[in-house]
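The first chain written gets the first letter, and so on, giving A, B and C; residue counts start at 1 in each chain.
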Amino acid sequence: MSRGSGWDRFRRHKAAVASVAVFAALGAACLAAPVLAPYQIDAIDLGNLRAPPSLTHLMGTDDLGRDVFTRMLYGGRISIAIGLLAALVGTGLGALIGATAGFVGRRLDSVLMRFTDVAFAIPTLPLLIVLSGYSEAALISMVTIIGGLSWMATARVVRSEVLTIRAMPYLEAARALGAANVTMIRRHALPNAMGPLIVAATLAVGNAIVIESSLSFLGLGVQPPTPTWGNMLMDSQSTMASKPWLTIFPGAAILLVVLAINFIGDGLRDSFDPRHHGG
Amino acid sequence: MRRYFAGRLLQVVPLLFGISIVVFLVIQAAPGGPEGSLLAAGRFVDPEVIESYRRRLGVDQPIYLQYLNWLGAVVRGDLGHSFATSRPVAEMIVERLPATVELMGTAFLLAAVLAIPLGLLGGLRPQSAIDLAGTGVSFLGIAMPVFWFGLLLQLIFSVKLGWLPVGGTGTVGATSLGDHLLHLVLPGLVLSTRYVAGWSRYFRGSLVGTLRADFVRTARAKGLAERAVVGTHAVRNAMIPLVSIMALNAAELFSGAVITETVFAWPGIGRLFVQAMFARDYPVLMGVLLMGALAVIVFNLVADLLYGFLDPRIRYE
Amino acid sequence: MRGRTGGQADRWAGLLATLAVMGFAGCRGADGDATAGGKRILRIAYEREIDLLNPFTSQNLVDISFSMIEGLVSTDEHNRFVPVLAKTIPTTENGLAKRNPDGTIEMTWPLHANVAWHDGVPFTSRDVCFTWRFVTSPNSETYNREQYLGIKGCDAPNDTTVVFRWDGEYAYYAGLFEAILPEHVLGGMTPEEIVRHEPYNRGAKTIGTGPFKFAEWKAGEYIRVVRNDNYWRGSEYPGIDEIVWAFIPDANTRLNALKAGRAHFGRILPTQVKEVRDVPGYRVNLINSNSVMHLDLSISTEHGRAIFADSTVRRAIFLAIDRRAIATQLMEGTVTLANSPINSGSAFFNSAVAYPGPDRQLARQLLDQAGWTVGPDSVRTKGATRLAFPLLNRAGATDRIAIAQVIQAELKAIGVAVTFETLESAAWTQRWRAGKWEAVVSAWFLPADPSLTGLYACDGANNMTGFCDPALDLLLKRSDRTLSVADRKRDLDLAQLRLSESARTLPLYYNVVPEMVSAAVGNYRGSGTNFGSFWNLYEWTLAR
């Protein structure tokens, strides 16, 4: 599986390539928020509430008269960061646990899977409330919870892939030749589980971003005045019929980013596509 | 394999026990107590009323005692009484189960109906325009926050067009099967999008992989007709991870979906849980979580069972 | 493969389509119609799910209970007590309230005759005394139990007369007994048993004397009550056959339900008022409620004392806040400015109270004079102390958080740094009650009777701010303990003035509850008291 052909495979996936561009553009814009933003993030203007998009305010103003474009840029930083970090934590943890469980098998597998069962049963909401008490660490608690409670599905997926692969003849041969378990996991199991793992990871990013907005719906999540696309989307719901731009901008942004990440994941999965997959 | 699953069944009770402890600690760790809801309306409440309320509920006792009391009651089949309504928790849960299962079941059905064709089309012709379109549609389901999607649909179909009701399970005083189904349409649809993406993606992915697999090539090389190859081998094998995921998700049949239930005023367990959390109604929380844990354990077992049953290559030790 | 799964999908689609068509055909008695079979059904999009129906122990404000259960009095939209089961409210003027030489008071309440409970049993004075015994018991969990403790005895000389023996003068007597419990249902049970008694809590035996009777409670969905055909006010009441209170806690869904014409009544958010200005067939009533949004400063904590003990600082902070802008711009003119915690419609409101400002210039001057100089980070300091404090916010309270942000911006301009500490609702309540905060934007819901003692007295049970003003205490406690309206007014006027001068709390505006009411509803008299707009439900009519 040479790098060259993997990259070629990715490039053939047009939607993925386009998505990289979109994601890079959005990401770069948000990163450059301090430079690009025309206004202060907390510049309240009570005389200009919920104004429609105009030349002075590209995306209009919100319920406190603040510039929506500015808040979209800064909000994107947090939303995207939550997505990426939570997915990293969740998928990384899940892959580790799943691969170990599938590969080592027996006792350890049983223990780990029961541990997974317990984790599945832990409710997100109370944990979030507990951790939200430390409000300076809002981002960290969000990432921890979303990531820390999303690893289970990935673990199961990776484990089943590893189980499938483990039964394959060439791995028996490798083991007979004396390869250590860790090497086997690293060299054989993980690369072959990459496909579903990538799908899981990209789904996780999108999930995390959307979960953040769902938490805003419940009144939790990142609290004002800190903007995130999620809480901007939620706050604008009550005036959706008459002031649609307030929902369209954050909503479209979430949509775009999640779509893009998922297409990128598709492309990545194809580029990793092993001919040995699926047995 | 039979021994493996017997072993798993035996683990259910100790697992539940462990989960109950973890879950109890987690909900107790959230600051504040049930007396918060006494004060929620902003009225002046006499401090001794708050005290006598706490004493009646037993929340002035140390945590381990509260847990042991709860556990003692549970093993006798008593899930306790809600702090807010004083009603038996079991009753409160059971009366909401039918509506919850109905909503979740409808969502699953719709999701399956949408996901299987989407995944199939994409898997058979990967990288084609159809695949791309199907991919995009299924991604839309997970990319759009549920509350936004729900409120948008509500605005369009209930308010602007008036075709569908806004919420609830039926029109009070004029219920009928048709009326009830109309009430199911929007929440069921909105909720199904949560699963369509994952299911169609897994199905498609594993179908693509399966079609490339050795044994399929062998079958083709043997000259079997394309139909036979795809139909009898590839799809069946590709279904395996999909079925596994579906079984996992099925556990949610009993936990509901709070956002959809809130937006469409559906009397489900998801909403019950969230309200109980904000009110720190510990008995209700423990009851719902215990039931959810049981569902998770059972359906995880089912998923593993299906996997082992369907895929002859997998061996459980 | 394709054929197999495609065929299956087709079959399911066909089934669903058939059912959908059936649905369309079968569902012509749409929600919005008041008439399902000619009955006048009032549909209310209610904003919460209630816990139980016992009006004394319920944790919610009890609209639904009061449609079935009546008391001696209720409150009209002007914060005046009106007699319901009582014929007249006793006062010293009408002689029904008698002062005894030993300082005790005897109040005689004449009751209406021919009043029957929903199950036909006659309502008598014994039910009133039974209610008194329940409420005053130690474990009745009645939120304002303390106010009943002045009644040392209850006599029922005949079926239509109740006599209360008070140990002194209590100004708030007229607002008690807003509900009466049926002795023939709950008698013989201990208070603890009554509190947990599910048949009364849940509807099976929720017996009242009110215009409506309990019919059905579908958990999580709705409560249905039906017309009491033997209502004591006369067979022409009530003008409605059935009420369905549908539980729709989500504000957006509620709004959609009203816009779609699926409900006749619903409470919406002030931010949604503009959304529904042009919906035909509805009126939006902006109901001023007995709830004042205000900013509290506290000297209970060490940091609070360090910055707020000096009243000049507090005055400066209040001067920098533009309350008018908050009411007219932030709240889009839906609310009215408040200068006192007492509702402006109350007879005891002192219209002479005013708060100066906004005046940033003066605020800065005051702070300079008090020794708080602006540091290099634009925040004022005095010695080692920065003039910075956290505002304790409750997550999900969007209006308060918006106000907090405005306050933050305005105080920044005078060199005061405000940060936010946002806690989830129950966690917030715990911190708030423990007094571990420096500043909070919140709203009390005051009863119709304007007793402020619990809030502002030095030992007030709900005084978490630590401020103590003995002169104010004197005025408040005296105003509680008199039956003379004139004396009470005098004391409360002075108290309101003193409160404003002490700059310990800044009233912002009276909370508004916008109520969207269908034009088909008649005799609606919206009210912002704890009784709410359904206080005269028996008079309501619904056009067919």
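Just so we're on the same page, a residue touches a chain if its C-beta (ideal position, glycine included) is under 8 Å from a C-beta of that chain, and two chains touch if they have at least 3 such contacts.
On a predicted model such as this, the values are computed, not experimentally measured, just so you know.
Using the contact threshold fixed earlier, the set of chains in contact with both chain A and chain C is B. For the interfaces A-B and B-C, the C-beta contact count is higher for B-C. Once the centre of each chain is set as its mean CA position, chain A and chain C turn out to be 43 Å apart. With centres taken as mean Cα positions, chain B sits 20 Å from chain A. For the pair chain B and chain C, the distance between mean C-alpha positions equals 36 Å. Shared interface positions of chain B, defined as residues touching 2 or more other chains, are 30-31, 151, 155, 159, 262.
Residues of chain C in contact with at least two other chains: 252, 259, 423-427.
Counting partner chains per residue, chain A shows two or more touched chains at residues 129, 133, 218, 237, 240-241. Only residues 42, 44, 46-47, 49, 63-64, 129, 132-133, 135, 218-220, 223-225, 235, 237-242 of chain A touch chain C when the two sit together in their complex. Interface residues of chain C, counted against chain A in their complex, comprise 251-252, 255, 259, 269, 271-272, 274-275, 325-326, 329-330, 332, 393, 395-396, 398, 401-402, 405-406, 408-409, 420-427. Within the complex, the chain A residues that touch chain B are 12-13, 15, 105-106, 110, 113-114, 116-118, 120-123, 125-127, 129-130, 133, 153, 156-157, 160, 163-164, 167, 195-196, 199, 203, 206-207, 210, 213-214, 217-218, 230, 233-234, 237, 240-241, 247, 251, 254-255, 258-259, 262-263, 266, 269-270, 275, 277-279. The part of chain B that touches chain A in the complex is made up of residues 7, 11, 15, 18-19, 22-23, 26-27, 29-31, 127, 132, 135-136, 139-140, 142-148, 151-152, 155, 159, 197-198, 201-202, 205-206, 209-210, 212-215, 237, 241, 244, 248, 251, 258-259, 262, 273-274, 277, 285, 289, 292-293, 296-297, 300, 303, 307, 311, 313-315, 317. By the touch criterion given at the top, residues 1-2, 4-6, 9, 12-13, 19-20, 22-27, 29-31, 36-37, 39, 41, 43, 49, 51-52, 59-61, 138-139, 141-146, 192, 195-196, 198, 201-202, 218-222, 224, 242, 244, 246-250, 252-253, 256-257, 259-262, 291, 423-431, 433, 442-445, 447, 454-455, 461-462, 530 of chain C touch chain B in their complex.
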